[in-house]
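Every chain is named by a letter (A, B and C) in the order it is written, and numbering of its residues begins at 1.
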Amino acid sequence: MLTDDLLWMFYHRMFQIRYVEESFLKLYDRGLIFGTVHTCIGQEVSAVAVTQALDAGKDIVWSNHRGHGHYLAFTGDLKGLVSELLGKASGVCAGIGGSQHLHSRNFYSNGILGGTIPCAVGCAYAEKYKGSGGIVAVYFGDGALAEGIVYESFNIASLWDLPILFVLEDNGIAQSTPKQYEHAGEFAARGESFGIQTTRMHASDVVAVYGASCSMVDEIRRVSRPQLLVLNTHRFAPHSKGDDTRDPKEILALRDHDPIGLHREQLRACDEERLDRLEREVVRQIDACVAVAIEDDSLKPDWFLANRDPR
Amino acid sequence: MVNANEDSALLCAWTKPDQSLASKGEIIAVIETSKATIDLEAEDTGYIHIFVHAGTQVMVGEIVGALCDKPDEVPERPLSKYGLQNDRSVERKVTKKAELAAAKAGLDMKRIQIEIPGAESITEADIIAYMEQHGAGQSIAEGGGCDLVDDSYPRNRQQRLLIIGGGLGAVQVLDSLCRIEHQRATAIVDDTPDLVGKTLMGVPILGGQEAIEVLFKKNLFDAAVVSVSTSIAFRQRMDNMLRQVNIPMANIIDPSARVQRNAVLGVGNVILAYCHIGACTSIGNGNFFSPYVDVEHHCSVGDFCTFGPGVMMSSLVKIGARVKFGTGIFIEPKLVVGSDSIIGSGAILTSDIPHNSIVKTKINYSIRSRD
Amino acid sequence: MTYLESLNLGLRELLEELPQVVVFGEDLLDPYGGAFKVTRGLQRDFPKQVLTTPISEAALTGIANGMALRGLRPVLEIMFSDFLALCMDQILNHGAKFRTMYNNTVTVPVTIRTPVGGGRGYGPTHSQCIEKLFMGIPEIRIVAPSLFCDAGQVLRHAVLDDKFVLFLEHKLLYTLDLLSAATGLGVETVKDELGYPAALVRNYDSGYPDVTLITYGGMTRFVVSVLQRMAEEEIKVLACVPTLIKPLPFDLLRSAADRSGRVVVAEEGGLHWGWGAEIAARMQESLFGRLRAAVRRVGAVDIVIPAARTLERAVLPADTDIEKAILEVLK
């Protein structure tokens, strides 16, 4: 596919993620979201570029608390995501899991930092064992690198030659704690010390990251060895809601380098009308989805309790 | 006393119980040799203390018992005349089940060891047999007082009653109970020794006052009622005793009696046929009402009063405690009858009666023969 | 056949029949064959399905979760149950939750096998029975085969169960022979509501028992001697020995308790806050008024399990403690 076509497609997905996340923040302000949200605003390149390099039919994605973008990019399930966060029966997990605990087809996420990584390694083992040809991509942030289980997982993935791509979204901050208070040493060295081939990139050009992801994914599939992709990216919104400890000027400065903004300029130069149409369509689609979901009040506690056997 | 050829004999039985008083010369045990049965006489007067239980083969010269000055004295067991150390202890193995059954029946294990014959271990069946022999007139099955139905339904079953006193008062109470659905008598106690082991209208008399607590612990009854109407002191004494050991008391109210609105009753009252307890009355504890007593509306009665048949109050009468009423008495409204008084039969009270009074009515009638 | 042989055979049959069964844990390479030798010979005979692993209990549990989500039936060996503490997050927040969180669209058929219990002087961190810490976790099952069942078949049932199962093997039972009968006792095997076996052992022929003894796992090694001793004392005891201990097969336990109205629950874990406490609570909920005595529990002293023999013996419960409790409920 030509770079241009790719860019339009990727931009569509990234814009969709951006608008959905901003909608969630607004819905939260309106009191329609029970709980909290961890938005990935600013990190859309990572979500789109890597997932598009995967085969949604047989590959698996594991994500974390900041997983809406990964979910949308990999499954395309807008309705399931929106309804889930609004706590509706039509949610992908019928409102039971909520924002941090999503599953549909080959996508899994959980809210325990680092806990998803060994699960992802286990999935990789199973796919290799079954000979399915599927590989696993697991997303985590720099904060998770402080959890010991991550290193246990790196060790085993490398020792057992497992087909897994570790995607580290390094946005320099863990909740409210900047990187320098959290980690000693180098991130890339961590993978390398376990014999895991490591690539470092900025997550600013979606096509470039996509290209790199494709070769990594092909390599993993071919030789069944783990790899680590360290993406330098930025979070423009708070950790969850109202808990951004950074200097607002700093955040504004980050927004100057917003990859979506940069790509938008590229595409506007190419075909402004098409861009507007694209964006309007995304907005319309998402607004409609939200409106329908808000009206749904079919979720009943009796149903939840009746359909479980916790024995 | 054993013949010269034998060095041992069988101690067959003790003919008097452990700790009982034996007079000099009285036969207290029976010993059997291969040749004969010999009676063992008490060498002196004293309380028997048994060392060796019945059914044991004993060596010549072995000391089998002692006579003591006091019934509960426990003498040191001496060596035999010939210096034999009796280390045949009276301790036979007792199964735990047997121990539990004995404990429940309040039996002393030492006595059990001595008095139950046999050399094998003592089983629960042995204890039950022993109790049937020596104990209450009614066989208490395993666990004591266990009922296959009642035990499972403590809230729904009939209230089971102990009737204290096995005389004419008990007959009246038991008669009323025939028609009371939610209560039944399960046991009677009476201090007259001859009565124990007999039944009154089918209800067994299981002992005297001392048996009350034991029977309660055996779960034979839920509450007690004093049927004696002749002694107020006895009624009060029983009430105190029952309270001290936390045994609840019940009321007996004949179904034909009418207890009207807002009447308040204590416990331990016996209210026989056709009594009328009016509206807004208050009755204390432990009172005995013969048939046809009328406690009119707004009257109050204290504790431990007894009423003969036909005592008629008017409204607003206040009766104290421990007042004894004869028969055929009328009381005008608003009067007060002080505690500890005796009101003789036929009195028509028209003024207050002070505490501790005796009211006697002179009734004029003459008696002559019909001939 | 010994308990251990039965487990080994059960695993072998599973590995032969089901390629999706994967057995893994530390030090499983033959000829060593595992710390307690339960898997001996299996790594050699099934090298693709039996793996020896690095010492990473936490990650291994997570890996088991991931395997299970993608269609395998992992059987993870944790060398000593004391180490389950390292697995706790992956059990509690991952394995036990995926199925319900994801609205019943996945299953997590993991089996964690682990040796439990003291009596060998291994000391405070290698002798515990800490299963009570997991009993409050919804969705997982806890299974403890006794001497009265075919341990290997119970393991098979656990592995084929679609739920997350914690499978507890008491160390002292490994070398003991499985019992289907004993002198003077009647042993009856029944199945509970979830298909796991349970044993009813009686020291009497007819009538109602005086006491119902409920126990599992390592404590079942005392059942025969206690019941025989109690028979000498004319005390009729019905021992109810489940293998599935959480969730409680409560119908079975209740009907056994109802026959006597007197219940003793014996576990090797610490006395307080344990399995016995839950059973006692449910007994009084359902049998209040029919019980003739308060439920008595037997358990270890709630303290560190010492290494020295005499000290360990003073802390861990034994047959004398069970007998004492039986006599207590009879008073």
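Here is the rule we use: contacts are C-beta pairs under 8 Å (C-beta built on N, C-alpha and C of every residue); 3 or more make two chains touch, one makes a residue touch a chain.
All figures in this text were calculated on a predicted structure; none of them were measured in a lab.
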{"item": "Between B-C and A-C, the pair joined by more C-beta contacts", "value": "A-C"}
{"item": "Chain whose Cα centroid lies at the greatest distance from that of subunit A", "value": "B"}
{"item": "Chain whose averaged C-alpha position falls nearest the assembly-wide average", "value": "C"}
{"item": "Subunit A and subunit B, separation of their C-alpha mean positions in angstrom", "value": "86"}
{"item": "Separation of mean Cα positions, subunit C and subunit A [Å, integer]", "value": "41"}
{"item": "Whole-Å separation of chain centres (CA-atom averages), subunit B against subunit C", "value": "54"}
{"item": "Residues of subunit A touching subunit C in the complex", "value": "60, 93-94, 96-97, 101, 103-104, 108, 110-112, 115, 117-127, 129-130, 148-149, 152-153, 155-156, 159, 307-308, 310-311"}
{"item": "Footprint of subunit C on subunit B - complex, ascending", "value": "95-98, 100, 103, 123-124, 151-155"}
{"item": "Touch list for subunit C against partner subunit A, complex", "value": "22, 53-54, 56, 58-72, 74, 89-90, 93-94, 97-98, 100-106, 138-139, 141, 194, 247"}
{"item": "Complex contacts: residues of subunit C adjacent to subunit B", "value": "210, 230, 232-235, 289-290, 292, 327, 330-331"}
